[in-house]
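After this come two complexes, each holding subunit A, first together with subunit B and then together with subunit C.
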Partner chain A sequence: MPNAVKHVLFILVPLIAVFAVLPGLYQNHLLLFNFVTFLILAQGVNIIYGFTGYLPFGYVGFFGAGAYGFAVLVMHYQSPALVAVLAAGLVGVLLGLLLTPLLRLSGAYFAIANLAASLAVLHLVANPALEGITKGPYGVSLTGTFNPSHAYYAALVVLTLTVSGVVFLKNSSFGLALQAVREDAVSASMAGVNVVRMRIAAWLASALVAGLAGGIYAWYVSVFYPDNVFSGEFSIFAIVFALFGGVATISGPIIGVLILYGVYNLIGFTTPQYFQLIYGLLIMGLVLFLPAGLVSLATRRGWHVP
Partner chain B sequence: MLTYALVAGVLFGLYFSLVGMGLNLVFGVMRIVNLAHGDVLMLGAFVALGVATLAGIDPLFAVPLAFVVFLLVGTLLYWVLVPRLQGSANPEMLSIILFFGLSQVVEAITTIFAGTSERSIQSRLLGTVFSTIKVQLFGGKPQTGPIRILGQGFPAPWVIAAGTSLVAIGLVYVYLYRTRLGTLTRAVMSRRDEALASGIDVDRVSAAAFGIGLGLAAVAGVFAPFMFGSITPAFGADATVTSFAIVVLGSLGNPLGTALGGVVYGVCYMLVQTYLSSWADLLPYVLLILILLLRPSGLLGRRVRVA
Partner chain C sequence: MSPDTKPILNVHKLVKRFGGFVALDGLSFHAAPGEVLGLVGPNGSGKTTAINVISGLYAPDGGEVAFEGESIGGIASHRLVRRGINRTFQVPKPFMSLTVRENVRVALAYGHIGGTPPSLDALLDEYRLAAVADRPAADLNSAQQKMLDLVRALATRPRLLLLDELAAGLNPAELDWIAERIKQLAAGGMSIIVVEHLMGFIEHITDRVIVLNAGREIFEGKLAAAVKEPQVIEVFLGGEHAA
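Our next item is the complex of A and B:
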């Protein structure tokens, strides 16, 4: 059995099956939806950071842009939710295209520029001068399309798409070429890899899934403000979850989301400062003691982790 | 109106240079992105707050206090965090995440002790030490109210902050170019491996640079309540991005570059604030992206980036 089939059978299918069944067994649907959203975002970060080494510190820019793409289509053109979700993905890709020049930057420069880009999009959307289009800082309300259960299953579809994408990267020469570019761009281009095209493809793919996730998020919550959908927490959480599990693997980000977001909800929101303190310490400990993620505990022993 | 915007821009710009200076030093020497930079600024502001409200004296006295305290804190923190970080596969990237964690911790602890409310210090308290000395030596009444430059009145704290920043920039220059440790620092900045190979104690030099960087940030923080009106524990995150814009605008590892970057930033900021105020929030980010794309080495920089 080829590896790709194994990965689909033993990782993707069980994951989707569990999340498809859970809403019938568990009452807190919002929590389940958030899990799915973070699974998508963590895998999106995995595509760009794990396979190309670019740290998208402003990843939420695509998510927020997608949410507002959805909102604008629904508010001004009364389009059906599914069309608007596709448009949200398109908005993510367009923003990604607009930001491709950033890929010329390396290391921390890229991360900071990406963060600045996401904040620029936030301030553009939240600008009172654009109230006619985005409703500025006053938030949007999309009661017409409100349908949480459809949105939840749409999110599952996007999750399937995203994880399949990572399975593909893990098992194809394309993914191997990307990792070669990450390790040493000059050697990779010597070996005949089209470095620029590879990077842009990965970049747009991760922008697409974040845009779709943002659109579905807008569909699910239906009332939101710019500060909600552009909250830096989305970028940070997605990066930390992916890193905690271990990037450039299929299972790492999934494990990361399930464990860390689970812990997040166990500690609860009652005392945000204490939560923030614990979380900060956790992040620091992670970087200092387990920089390659949980899966490195297994790979260090020579076990193969998909 | 234009003169006002320009002079205010230069005053703010000098202050912004001080804000970015510490970050520049840390990134230049260690290739570490100190995302907790803004939080050190915030802590510096709380030192000023403590000095003004608990001791009831001129917040200017907080400047040396904050500098010494954070010099020590920074040196300690360096030894706890950085050597371990630099042993990992990709220290530059992981530093972003590590220091994000640190900034969360700092923000959380400050919130637990100080609450989330906005705090400010009466601006007339700043600089009372000067007017007291003047009154004692020359007699006359203590001068209050705005300071006049080119026929326009500016709040006294702006001028004092700009003056302190000038002094601090001068001191950093002297440190880097006129002392032995400074020469070693510049050596580590330009080529870390070669510095190590030629027997320089890179860790000691870096620890000093880290301490000074944090100290400078704290000094900048002392003036933050006066320059931005008020201060909350959540102030740090925005301050970090602004500092980055300034540092990148100038150039990496060059304190004079940061001074220029700060002034350019300040003048742009004031001009946009004056003529297009609803777009002023966008400025730092757009400026940062543009400069990164057009001239990643900054206005005064050589090319430092490879591929």
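Our next item is the complex of A and C:
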């Protein structure tokens, strides 16, 4: 059996199946939706960081832009939700295109510039002068599209596409070439790889994913403020989850979200007084002892982790 | 080179500056098809810079580089690779976290247009990497990493191959072995430019050498004649790599 088929059968299918049936078994649908959203975002971070090496500290910019793309279409054009979600993805890609010059930076410079870019988009959207378009700082309240269960299943579709994308990267020359660029751009060019084009492709793919996720988020919650959908927590969580599990794998970011976001909610519910402490220690422990993520526990032993 | 064979590479009055520093100062030379050409000179004389410009990593600041009759100065590396130029690096630069096999697969998939691609396993076998094929490149020793650089280059079927100190750090048996491989590649029609400080090695494999000093050619011809040239002796005098 080809590896890609194995990865779909043993990772993607069970993941989607579980999240497809869970709403019938578990009452807290918002929590399930948040899990799916973070699964998408962590894989989006995986695409741009794991495969290409750019740490997107302002990743939420695409998410927030997608949410507002959705809102603008629904508010001003009475667009159906699905069309507005596609538009949200497009907004993410357009913002990504606008930000391609950032790819000339590397390391911390890229991370900081990306963070600054996301703040710039936030302040643009929240600008009272744009009230007529975005409702500025007063927030959005969407009527007519509200349907959390449809939004949830749309999120599952986007998750399916995203994980399929990562399965492709893990099993194709294209994904290998991306990793080659990450490892050594000069050598990659001597392997015949068009470095600039590869970086842009990965960047836009991860922007698309976050834009779609943001659009669906807007659909799900229907009422939100700029600070909600541009909250830096989205970037930080998605990055921490992906790193915790292990990037440049299919399973790492999934494991990272399930464990860390699970623990996050568990201690948040049961012992909120220790919450920050436990969570902080967990992340410090990870950075100190497992910098390559949980999956490195297995890869260190020579096991192959998809 | 007989007068009727066209050079595969023609470098004409090439200039490369880094800020105010002139690393290549009007360098001119050519290479013929199937020729092994030595590029020698003291440290900092511009050998690596010449390779970097020819392989498209740097755009020239003046002069011209022509490959198979067409000007290529300033064309991006990945395009030149697909047109038939490749190189190795003085300090080998494999994709460290990828396996040896994956390293070569990238080049096979992206650096090679038309014709039958070379066989990955045959290449790994030929360059003594078969045993480490599934190990990350980071696990290889420096000689193996150099061979991996070479195999990655060969996977793209170059007609012009630039080797930047490939032999440095190899033991005598490995030197003989790699010299044979280089001669065989040239016998198959590949033009090979060899940058090396090991004069015995250069003597053994090259047809001709260019001696560089301060970004200029100061000698062109047989190495045996070069070492008798007063100007050549002078630039190497007291140098750590004197012939």
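Assume the second predicted complex is superposed on the first by the 299 of 306 C-alpha atoms of A that agree within 3 Å, B and C clash if a C-alpha of one lies under 4 Å from a C-alpha of the other, contacts with A are read in each partner's own complex, and residues count from 1 in each chain.
Operating definition for what follows: a contact is a pair of C-beta atoms (placed from the backbone, for glycine too) under 8 Å apart; a residue touches a chain by one contact, two chains touch by 3 or more.
Just so it is clear, the structure is predicted and the values come from calculations on it, not from any experiment.
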Label the relationship between subunit B and subunit C on subunit A in the superposed model as either fit or clash. fit
Taking the superposition on A as described, I'd like to know which of subunit B and subunit C A:Gly232 touches: first, second, both or neither. first
For A:Thr299, select first, second, both or neither according to whether it touches subunit B, subunit C, the two together, or no partner. neither
Is A:Phe57 in contact with subunit B, with subunit C, with both, or with neither (first, second, both, neither)? first
Please work out whether A:Val240 is in contact with subunit B alone, subunit C alone, both, or neither, and reply first, second, both or neither. first
Per the contact definition in the header, classify A:Ile283: touching subunit B only (first), subunit C only (second), both, or neither. first
Could you let me know whether more residues of subunit A are touched by subunit B or by subunit C? B
Using the touch definition from the top, say if A:Val186 reaches subunit B (first), subunit C (second), both or neither. both
Angle, in degrees and to the nearest 10, that opens at subunit A between the C-alpha centres of subunit B and subunit C: 80
Rounded to whole Å, the nearest C-alpha atoms of subunit B and subunit C in the superposition sit apart by 10
Could you pull out which residues of subunit A sit against subunit B in one structure and against subunit C in the other? 186
For subunit C, which residues count as touching subunit A in their complex? 55-57, 76-78, 81-82, 86-87, 89, 93-98, 102-103, 105-107, 109-112, 149, 152-153, 155-156
In their complex, what parts of subunit A are in touch with subunit C? 173, 176-177, 179-180, 183-184, 186-195
Going by the contact rule set out above, which residues of subunit B touch subunit A in the complex? 27, 31, 33, 81, 84-85, 88-90, 92-98, 100-109, 111-112, 237, 241, 244-245, 248, 278-279, 281-282, 284-286, 288-289, 292-293, 296, 305-307
Residues of subunit A touching subunit B in the complex: 53, 55, 57, 101-102, 104-109, 111-113, 115-117, 119-120, 123-124, 127-129, 185-186, 232, 236, 239-240, 243, 273-277, 279-284, 286-288, 291-292
